[in-house]
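Below is a structure I'd like to ask you about.
Chains: A, B, C and D, in written order; residue numbering restarts at 1 for each.
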Amino acid sequence: MARIGVFVCHCGENIGRTVDCHAVAEALAQVPGVVHAVDYKYMCSDPGQQLIKAAVAEKGLTGVVVAACSPHMHEKTFRRAVQSVGLNPFLCEMANIREHCSWIHEDRAKATEKAIDLARMMVEKVKRNVALSTVRIPVTRRALVIGGGIAGIQAALDIADGGAEVVLVEKEPSIGGHMSQLSETFPTLDCSQCILTPRMVEVYQHPRIKLLTYSEVEAVEGYIGNFRVTIRKKARGIDESKCNGCGACIKACPNKRIPSEFDCGLGKRTAIYVPFPQAVPNIPVIDRQRCTLHIARSKGKKDACMKCSEACQRGAIDFNQQDTLVTEEVGAIIVATGYQLYSIGRDQPKEYLKGYGEYGYGTIPDVIDGLQFERLASASGPTAGKILRPSDNKEPKTVVFLQCIGSRDPAKGIEYCSKICCMYVAKHAMLYRHKVHDGRVVVFYMDIRAAGKGYDEFTRRAIEEEGAEYIRGRVTRLYRDGDVIKVQGFDTLSGSPITIDADMVVLATAVRPQPGIDALAQKLSVSYDRHGFIVEAHPKLRPVETNTAGVYVAGACQAPRDIPDSVAMASAAASKVLGLFSHEMLEREPTVARVDESVCAGCFHCERVCPYGAIRHKEIKDKTGKVIRVVAEVNPGVCQGCGTCQATCPSKSIELQGFTDAQIFAQINAFVG
Amino acid sequence: MKLGYYPGCSMHGTSREHEESLLAIAKPLGLELAEIEDWSCCGASSAHACNRTLAVALPARNLALAEEQGHDRVIAPCAACYNRLAMATHEVASDPQMAGRVRAVLSRPFANRVKVLNAVEVLRELVPTLKTNVKRPLTGLKVACYYGCLLLRPAEVTGFDDPEDPSSMEEVVRACGAEPVSWRMRVECCGAGLTMARKPSVVRLGRAIISDAMASGADVIVVSCPMCHSNLDFRQQAMGLSRPMPVVYLTQLVGLALGLDSSALGLARHFVSTGGVVPRNAAQEVG
Amino acid sequence: MEKGNFEPRITAFVCNWCTYTGADLAGTSRLQMAPNIRIVRLPCTGRIDPVFVIKAFERGADGVIVSGCHPADCHYTAGNYHARRRFAILRELLIFMGVDPRRMTFSWVSASEGAKWRDVVNETVERVRACGPFEGWRSLGGGLT
Amino acid sequence: MTELRELARKLLSDGQVKVVIGYEEGPRGVRPLFATDGAAADRLIFDERCVQNLATYLDRRRVHVARLGKPAIVAKPCDVKAVAGLLRETQLKREDVVIIGVRCGGVLADPKSLQRLGPDTMADRCRTCETREPGLVDYLVGPMPEAVRGQSGRDAKIAELDAMTPEERWSFWQKELSRCTRCQACRQVCPLCYCDRCMADKTEPQWIESSPHPRGILAWHLIRAIHLAGRCVDCGECERACPVSIPLGLITRKVAQVVAQRFQHHPTDDPSVPSPIGTWRSDDPQEFIL
């Protein structure tokens, strides 16, 4: 038999003024199962809590109802109070007779009547409450970071420095990402390589970071604290343990005219190559599509060229190397796969994306994109930092920059702002002017978005001190006219069409997520928007979490981000991970769903409605080990307790603890029964 | 191919040669044209400047008639008519309120089932037939295909070709044995809308277009819009060009390739002589 | 009891994160409203079983309110979307079976919409008052459980 | 007919299946047949009297059928939709059943009447049914029937009810439901009511009062309708099985109309199409929400 105690709070005058608290207590005393009912001025005060604790002890209460303010205000307070005297906290509930009663009614009689109802409803619920203990799941204190750009590097270092192990997976042969391609960075114009390379080396040498380059995530199983990740190490063609990065193989390779990805096609590389001199790890990779030997093999011919392996003193070259699969146990995952640039070409990866026919669909030489300009401006680039246009290696005397190419252009399929272009275009304008003093820079823009520390000053400097001509308007057509590129645009401020003869045009093309992000997101069961950007758990309050517990997001794979933002996000994600790792066991609210396996029909409606993928298939076998039934099973580590599964379950075989049907029915009946 | 035919005012007036040439090539191409009975003005270019509902209702009336008369596809050779008719189907399909208002105005059933076609896409569809029927290949003739604005824009309304980098006229021209030149001004505006109001601007725009065609070695400019035509043809004296540049309709060019008599194609009706276009063995009377 | 002048009894099923908090805000803002409703707090509208509404009517409620987070605001990302479909069907079904639509209120009330909550409550109470007591369902035979 | 029998013989003889679930001539009209050998297979028939939805026998809980071994089932388009439902809701694996689809131009409202199939003798649900030829099948038999379409008395009745006042509708249904004895035949016959323990039988807490008084009866039929929303294949079995002829079809049809109009979902024989309950679109209509 239940022994419930009811404690009615006056909250000074706040409740007492309109609710006859004493009458409420007296009425509740009459409710079957209530063995103790009192009212008091301030239940949340020390003496008030003492009152409750004492009653629990003396009357041996099996449940407590505090009729006072909103549970959002003091539920924790009172649950802690009863816990301190040995009553399970989940046997204590609050009836909200302040926000939901005394404060919103004047008629004392009616308010009192309502307060009695609310308390009675809660008494009936508490009668059916059961002791719940917090869900505890083990945590593997090891993190996986996907993506070795600046965000991934920052996250990996923060976690590793925090004392936990990290597995850093990068699909390219070297870490560094797009930041390693940049010449200088805004708004300080400090050299990108100079600030990045030390961090890359730090990653490589860190005792707690396991670096897997030229590798991709193949499969992900498990849940927060307990992920099991399969990673494909693509065959490099090099025995990493033997290679000392001397580069003899690269010198030996006869295929020297392959467009370099790192230089955005402006420079050349060999078939066996390291993407760039400061690559980490400094171990080459064989491009099997371009290697003479592998091409020959693919045609069934005999090995045509062995120059690299002949050149290697350490016999590190292994033409027969195969992809290998490694599995890693981790407790948390950070997605930091970064971005790619939209291309204006006719062929687009998604059907809603359109190219720019008016700009020649990318067929006009000397119309390049922002990253290509970075390579031209970079001291380590194909032109050693000289601004020379690709077609004829002449120094362009007039360079036109076009902002918002793709971005903010729904007609081309992208409605969002790419955020970084305004700043890097201003930077490009300056870099160009610093290198070509008599050069002319024209920038076509829609708006200048320079919100950020020192950002507006930076763009103003480009305009006011570095002599960049900013024209507010769009360019309607680009075409080649002999040696120059005709740039036909419209100046919306002077309201006149304008044509400029440019030697080179730089397009600030939109920032898009990396290809294959959707496949990865599906493996991680995190949601992504139509462009493929990972969706955060809450746009304001949970910016680096995803809707899958234990999976976090950092950098430009969540939305266009500049370096400071990416680094900040990475550190935020890392701190989330370290917070998770700060306990051996992960404690979760026990308000999670449970399945009654004896009656579950295995229709898996619950699985379909669960926003968290918390429902698993569980096979029930007979003695012989033969599967006789498959039923649903809730993973308490993943369940967040929304209860949608329960409302959907046709046979009512799944129940959300703390909000069971028995409890809700009791509340319903208590009011109008 | 059987099509409903919406002539609109220009085909019977300023661009008679357009209609003459269209009807002339229809037979050899196996194209049956049934003029919509009781057709009325499409409203271009004044209606949509003053009353949105009217601007849709006027073309919609003609489309409703086409339905009544059992056409599922209608050709509107005038680019402006084409644009207004296509716009009407688009607006009625995409805007329920507009659809309601228009049906109220029409007070006759209108299912909005008719597909509106322009001369260029019809000819593109007929390229196979055309190829087999070419009697007099226009070999060596360098043609600048000029699309102008109304045929291609807005893309979501016209949608038969890439508005920035179209190719259908070129296809037809190739089928005639002629050689389309690559040039820049194919889809620029010729300013026809202002041909009365702001003559200097129109002349400037026209000059830019024709000069570019000349610079790219074209012998002739081919159009499929009566406004473009009158603008580039009639306004040419005012442009002060180094030499005259004949401007003909695509239908006329096709007619020549089909070996039709140039008089049947109305080639003599132009201000700028089309003589250079007409192959030697064609009729002589062209001035 | 007569139509128009009786005190309806209305059960409200609300989600913990938006509407319950919105109702709290109405309280802290001292917004006066009709005292006829009793709130049952649930984690999410996704947890609100159509049967709760049926039970409430069975047990003699004159009206029912179901309220949660606006679309895209759901604390659990999608519970309210599931609820929206569920209650679209329940509502039309109950109407088909003879329940007066005025007895059922479905609303999105966010944590910041205290005033909207007051209006939802007051409007519902008035609508149900106009319907009169729901004798129809209450008077159906059967023992209580 | 011979086509069907030969197919059944073949499936049984070369051991593809152990039992063919179909129809045979019975003492009181057509009845289900569970043919396990060639001889039995020769008793198979299919015509407009074959109203039963045999998919209900694919439920593994029907042990007496399950015991016979891998089944082939003779299925009309609506029956195949039920099979698709079982596949969709993981009650059945595709490889565990052979579907012999029969082309169907509708079945008789009253199979015993022996009338010819026509617009007025046709079962009401068939008058609004679009599907003549089932998908998802392994074999397809029977000639393609011409589409006999009739006026749906059911839809007319729904319209009539919709036009009534709530009070009138309430009393209409109370009158109809007053005959219900809670025999649960509607549940037993339904191919998609397969739960091990129906919530109607759950006692702690009790969802639906079990004894046949108006309160429990109403609750049962409401919850049944909700559970079938977007799942019902409109095979009409519940209404046929009801011993006191409650027009259950009106309820299921009404819900189907709501689902179709709100969520553009129609019963389908494609198991990969998710049921509308359990999915959502951010732009689902919400005109009824304040």
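Heads up, the rule we're going with is that a contact is a pair of C-beta atoms (placed from the backbone, for glycine too) under 8 Å apart; a residue touches a chain by one contact, two chains touch by 3 or more.
As the structure is a prediction and not an experimental result, all values here were calculated from the model.
Supply the minimal count of touching-chain steps required to go from subunit B to subunit C.
So the least number of steps between the two chains is 2.
Write down the chain pair with more C-beta contact pairs when A-D is set against A-B.
A-D
How far is the middle of subunit A from the middle of subunit D, if each middle is the mean of its Cα atoms, in Å?
Those two chain centres are 46 Å apart.
Rounded to the nearest whole Å, what is the centre-to-centre distance of subunit A and subunit B, using the mean of the C-alpha atoms as each centre?
Computed value for the inter-centroid distance: 53 Å.
Using mean CA coordinates as chain centres, what's the gap between subunit B and subunit D in Å?
Going by mean C-alpha positions, subunit B sits 58 Å from subunit D.
Indicate the whole-number Å distance between the mean C-alpha point of subunit C and the mean C-alpha point of subunit D.
34
Out of subunit D, which residues touch more than one other chain, so two or more?
205, 207, 277-278
By residue number and range, which residues of subunit C touch two or more other chains?
Residues 50-51, 78, 82, 86 of subunit C each touch two or more of the other chains.
Once the touch criterion is applied, which pairs of chains come out as touching?
By the stated definition, chains touch in these pairs: A-B, A-C, A-D, C-D.
Of all residues in subunit A, which touch subunit B in the complex?
Residues 346, 356-358, 361, 477, 479, 486 of subunit A touch subunit B in their complex.
Considering the complex alone, what residue numbers of subunit D touch subunit A?
89-91, 194-199, 202, 204-205, 207, 227, 274-275, 277-279
Once bound in the complex, which stretches of subunit D touch subunit C?
Touching subunit C from subunit D are residues 158, 161-162, 166-174, 205-207, 209, 211, 213-216, 218-219, 222-223, 225-226, 229, 251, 254-255, 258-259, 262-263, 276-278, 280-282, 284-286, 288-290.
Residues of subunit C touching subunit A in their complex?
Against subunit A, the touching part of subunit C is residues 9, 11, 20-21, 23-24, 26-28, 30-33, 35, 38-44, 46-52, 55-56, 59-61, 75-79, 82-83, 86, 118, 144.
Per the contact definition, I'd like the list of subunit A residues that touch subunit D in the complex.
Of all residues in subunit A, those touching subunit D are 598-605, 608-609, 630, 648, 650-653, 661-662, 665-666.
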